[in-house]
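In the two assemblies presented below, subunit A is common to both, partnered first by subunit B and then by subunit C.
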Partner chain A sequence: MDEQQLRIFVGIIQHYFEQETGRPAEVGSPYLCDPSQLPVHDFTGVIGISGNRKGCVYFSSPREILREMLLRAGESDVSDENLADLAGEIANTISGNARREFGHEFLISVPIVVRGTHQSISVPRDVRAYVIPFRWHKVDASLVVSVM
Partner chain B sequence: MFGIDLGKYRTIVISIALFLLFDLGVLVLNFFISSEIASDAVNVNLAGRQRMLTQRTAKLTLQLQNRAEAGVPQEVELKELIGAFSLFDRTLSAFESGGETASGDGKPIRIAAVDDAIAQSILAEARKLWDPYKSRISAVIERGRADPDAAGALVVQAEAANLPLLKLMNDLTTRVEELAASKATLLRAVQVAGISLATANFLIILFHFIRHLRESDRELERARKETDDILRTTQDGLFLLDGSAVIGVQHSAALEKVLGTKTLAGRSFYDIISPAVTPKTLDTTREYIDLLLRHDVKEKLVASLNPLECVEVSIAQGPGEAESRYLQFGFNRVFESGKVTHLLVTANDITRRVRLERELKASEERAKGQMGLLVEILQVEPATMNQLLRSAQEGLQHINRQLREQGSAREVGGETINAIYRITHRIKGDSAALGLASLATSLHSLEDILTGLRERPVLSGEDFLPVTVRVKGLFEEIEAMHQAVARVAQIRGVISVEAPRPQHDPGVEALPFVKRWKDFATRLADEHARKVELGYHGIDMETLPESLRESINSMVNQFIRNSLVHGIEDGDTRKRRGKPEAGRISVYISARDDGGVDLSFRDDGQGISVSKVREAAVRAGRLTAEEAAAMDSRRIVGLIFEPGLSTRETVDEDGGRGAGLDSVKALVMQLGGQIRIGSTPGEYCHFRLSLGALPSLARTVSEDEKEAEEAAA
Partner chain C sequence: MKRLMIVDDSNIIRSKIARALGEHGLEVVGLSPNGEDAIERCVSARPDVITMDITMPGMDGIECIRQIRRLNPTVRILVVSALADKATAIQALKEGAQGFVCKPFTEESLNEAIGELFSED
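Right after this comes the complex of A and B.
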């Protein structure tokens, strides 16, 4: 995954936050991370990538961010179900945009939402993943791109 | 028949037609004979009535006579006589030659003349009797009344004719009844014959066709089973598409696996592939299939347009994980009467093939890339190279930590950039110093990015994205170099077991054990009319435990003896081979980091002759000639460590008993280790022994020696 492609993923997240909350998410400096130490927060929307390159992209948020987003949208029900739905919506947005941007390069799966630890997130082994930290409403979330 | 090709149904159609023909014949005959019987029944009735009319006429003549004699009116009797007389007469005529009469209920009825000879003779006799009788009656009727004389004469006539006429009419009735009975018998015979023929025909149809049908069924069953077997066992996905691109009712079992979908029969092909392909591919597929279904387009012309020749599909595997598979669809037209009715489609999973092709291509690309890298790597001492790579990797990890520690801070301090720059610059300098141009170039490109960032007044985390991407690339580059270094080490191991060259320390040459080896070599050389020089590099043997020292000493002595007896050539031979007159023996001993000891012993003699060892093995009875011929060179050379095997044909104090190198092997086994042999016939022989790790040795290795080892590793 080259710089341009990473920027597209970053752009999708930034645009989503700006569009939905009117407040952009701050992007931290990206770094590399071994698969065993990848950051995983409370709710993670995972998109599988296959084709010439194989792996996954996920956006993981702590519940605080999702709860705040729901409240701002006028939604008072901040149950885990609703938070997971929102995480799914973010993942769908990433997936939909990514499919439009990279449809000719990769095959992008329908996203799924994983709660809690990353044991059920399957990332390629032996690949250093890019971690791009995001901060919104003083809380950190992470975009992880792990593609062989 | 009627221009219709009945094919295999021709016989059955003919048989059924015959069956109907028989039935129709029976029906027509039945109809005809039945009508005959019906008319015979009328005749029987009429003949019976004639009997009655004879009696009645006779009775009326008597009544008429009584009336005439009594002189009373006789109109009633006369009228009745006219009725009976004329009915009898008309009926008689009708029997004779056909004509009209009255039926039992008085209605006119036409009957045919009785065509039976016997009946006609009866009628002829009756006519003879009737005509005079008729004349008398007619005369009375014409007068309108009967006087007693005329009545008497009529009675006389009646008495004469009555009984014979009655008998004749009786005979006629009987005869007509017989005729009717014989026709009924004929009718039954015809019916029996017709039904028998029809039944026989039916049985023929039954047996003939049941046999044929059974054979047909068996053939169909066999064909069906073959088709089922093919569809069940073929690894290809096979199915038919109709004109609407709907999958047929049958398909191969493999198809479900290939497409990853069950229940395919009757479904639209487009519905099945649409989730897996792009809308554009789907559209092209529609157009392609439409073209194939048109019989006016040549199949070969459109074959190259197949959009599903190699199509990539994504199959969900688990949470967030998708697997890419490559499918190949082939389309062939199925013709019927010159028209394309179906398409036979083959679907295959060619994922493995595609992946192998791609891996091969990638591997070729890598190999190209690595060639330049290998050239650079080969110019650097392995230890120095490893040190640089370790240092570079640590540097990159440090850079990554710097990036990570920034976290999601919006503004990044210039100090971070400076720190990253310093590390990058250091690695670049080290790389350039070793002539690793490609690595230095990559690092330089990272420096350029960092310089650009340094000039910006405000930095956000995202600005570091190119840095992270470059760092990842550098990690991969360094890993590739590590792999290349490992490969070079492997290649070096295969080409030669040349011992690492330590820095020369002239002092070691003077050590007592070295002197003993030199003396021993010189003595043996003198004995065998050779010249030799023994050189030593490595550690002081005195630092080793005594038992190990003795073992090594013993092994070196054996190798020296082996060299002088089998290896070092005489002066003339050496000159011919372009070698210095004096043979050269190099001994090197080093202590490894793991506590083991490496011993290297090399001479520049004639090397090991595989053919001589092979002969010796056969001579010693260790191998048969065939076994020896079949054994590869490596294993043959290994035999020189076997007891009782010598290539020398004569035995003396120094060799020929085959008891030298096997003792070396025994010592190596005792100490735990391995032996490697390198040799080029006519050039050199090199034994390299790795002896087991002994904890006590590790402590005795000096720092200088460690460095020497690293440099040579």
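Right after this comes the complex of A and C.
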């Protein structure tokens, strides 16, 4: 994954939050991260990537962001069930939108959602993992791209 | 009033679509979390229009469109998917969908797309 390809994901995050909330996310500089140090927040939506690329993409967020997004969308049910659903849907949407650039052979799995900050997310050992940090509604979250 | 069925594995997306289109005169007659359920429900719910996700557990949306077309040749199908590549849109249209809206979507874009499905009526 080169810098230009990482920028594709940066653009998708910005577009997603702008479109869904009317308020863009502030995206920081992507950085290479040791797999044992990857950020994990309250809810993490993980998408497996196969086809012409291999690896995974995951979106990890504190509950505050997800809760606020649901409320802004007019959804009054902010149960953990729905927060997890949203984390999975965001991961799915970001990965699916990446096919615009990576093509239809960039195959994405259905999301798996992991709850809790004490969890660790396994990424492929032989693939570099990049963290794209971002902030929305004054809260930090992360997109992790580990794709070869 | 047009009868609407929503097929998506995300509960919040099903709710979002139901809210957006319910306010514009469509009656929600079915909510399905996957393709298999949608095919079963389609027979009894008799929808005029279906919004269809593509990436779902089990049967995906493309296969679901193919099977629903055999059961109901007249129902209008609008794909609502995160898969933003042209090949997926073309495949969905080839299998019998009449429109494609890419996630994330606005209420306006969804309503406009539904309006286009019925513009020739």
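One rule holds in what follows: the second predicted complex is superposed on the first by the 133 of 148 C-alpha atoms of A that agree within 3 Å, B and C clash if a C-alpha of one lies under 4 Å from a C-alpha of the other, contacts with A are read in each partner's own complex, and residues count from 1 in each chain.
One rule holds in what follows: contacts are C-beta pairs under 8 Å (C-beta built on N, C-alpha and C of every residue); 3 or more make two chains touch, one makes a residue touch a chain.
Values in this document were obtained by computation on a predicted structure and should not be read as measured data.
Considered on the superposed subunit A, subunit B and subunit C are sterically compatible, since they fit side by side. Touch criterion not met for A:P35: it reaches neither subunit B nor subunit C. Looking at the superposed arrangement, the partner reaching more residues of subunit A, out of subunit B and subunit C, is B. Of the two partner chains placed by the overlay, only subunit C lies in contact with A:G88; subunit B stays clear of it.
When both complexes are overlaid on chain A, the residue A:V110 reaches subunit B and subunit C alike. Contacts of A:E26 after superposition: subunit B is touched, whereas subunit C is not reached. Look at A:P62: by the touch rule set out above, it reaches neither subunit B nor subunit C.
Vertex at the C-alpha centre of subunit A, arms toward the centres of subunit B and subunit C: the angle is 70 degrees, rounded to a multiple of 10. In the superposition on chain A, A:D2 makes contact with subunit B only, while subunit C stays out of contact range.
Within the superposed three-chain model, A:Y16 lies in touch with subunit C and out of touch with subunit B [touch as defined at top].
For the three-chain overlay built from the shared chain A, the minimum Cα spacing from subunit B to subunit C equals 5 Å. The residues of subunit A shared by its contacts with subunit B and with subunit C are 103, 108-110.
Of all the residues in subunit A, the ones that touch subunit C in their complex are 15-16, 19-20, 70, 73-75, 77, 81-82, 85-86, 88-89, 92-100, 103-104, 106, 108-110. For subunit C in complex with subunit A, the touching residues are 9-13, 15-16, 19, 55-57, 81-85, 87-88, 102-106.
Those residues of subunit A that touch subunit B in the shared complex are 2-3, 6-7, 10, 26-33, 46-51, 54, 56, 58, 103, 107-112, 114, 120-122, 128, 130-135, 140. Against subunit A, the residues of subunit B that register as touching in their complex are 278, 312-314, 316-324, 400, 403-404, 406-410, 412, 416, 460-469, 471-472, 475.
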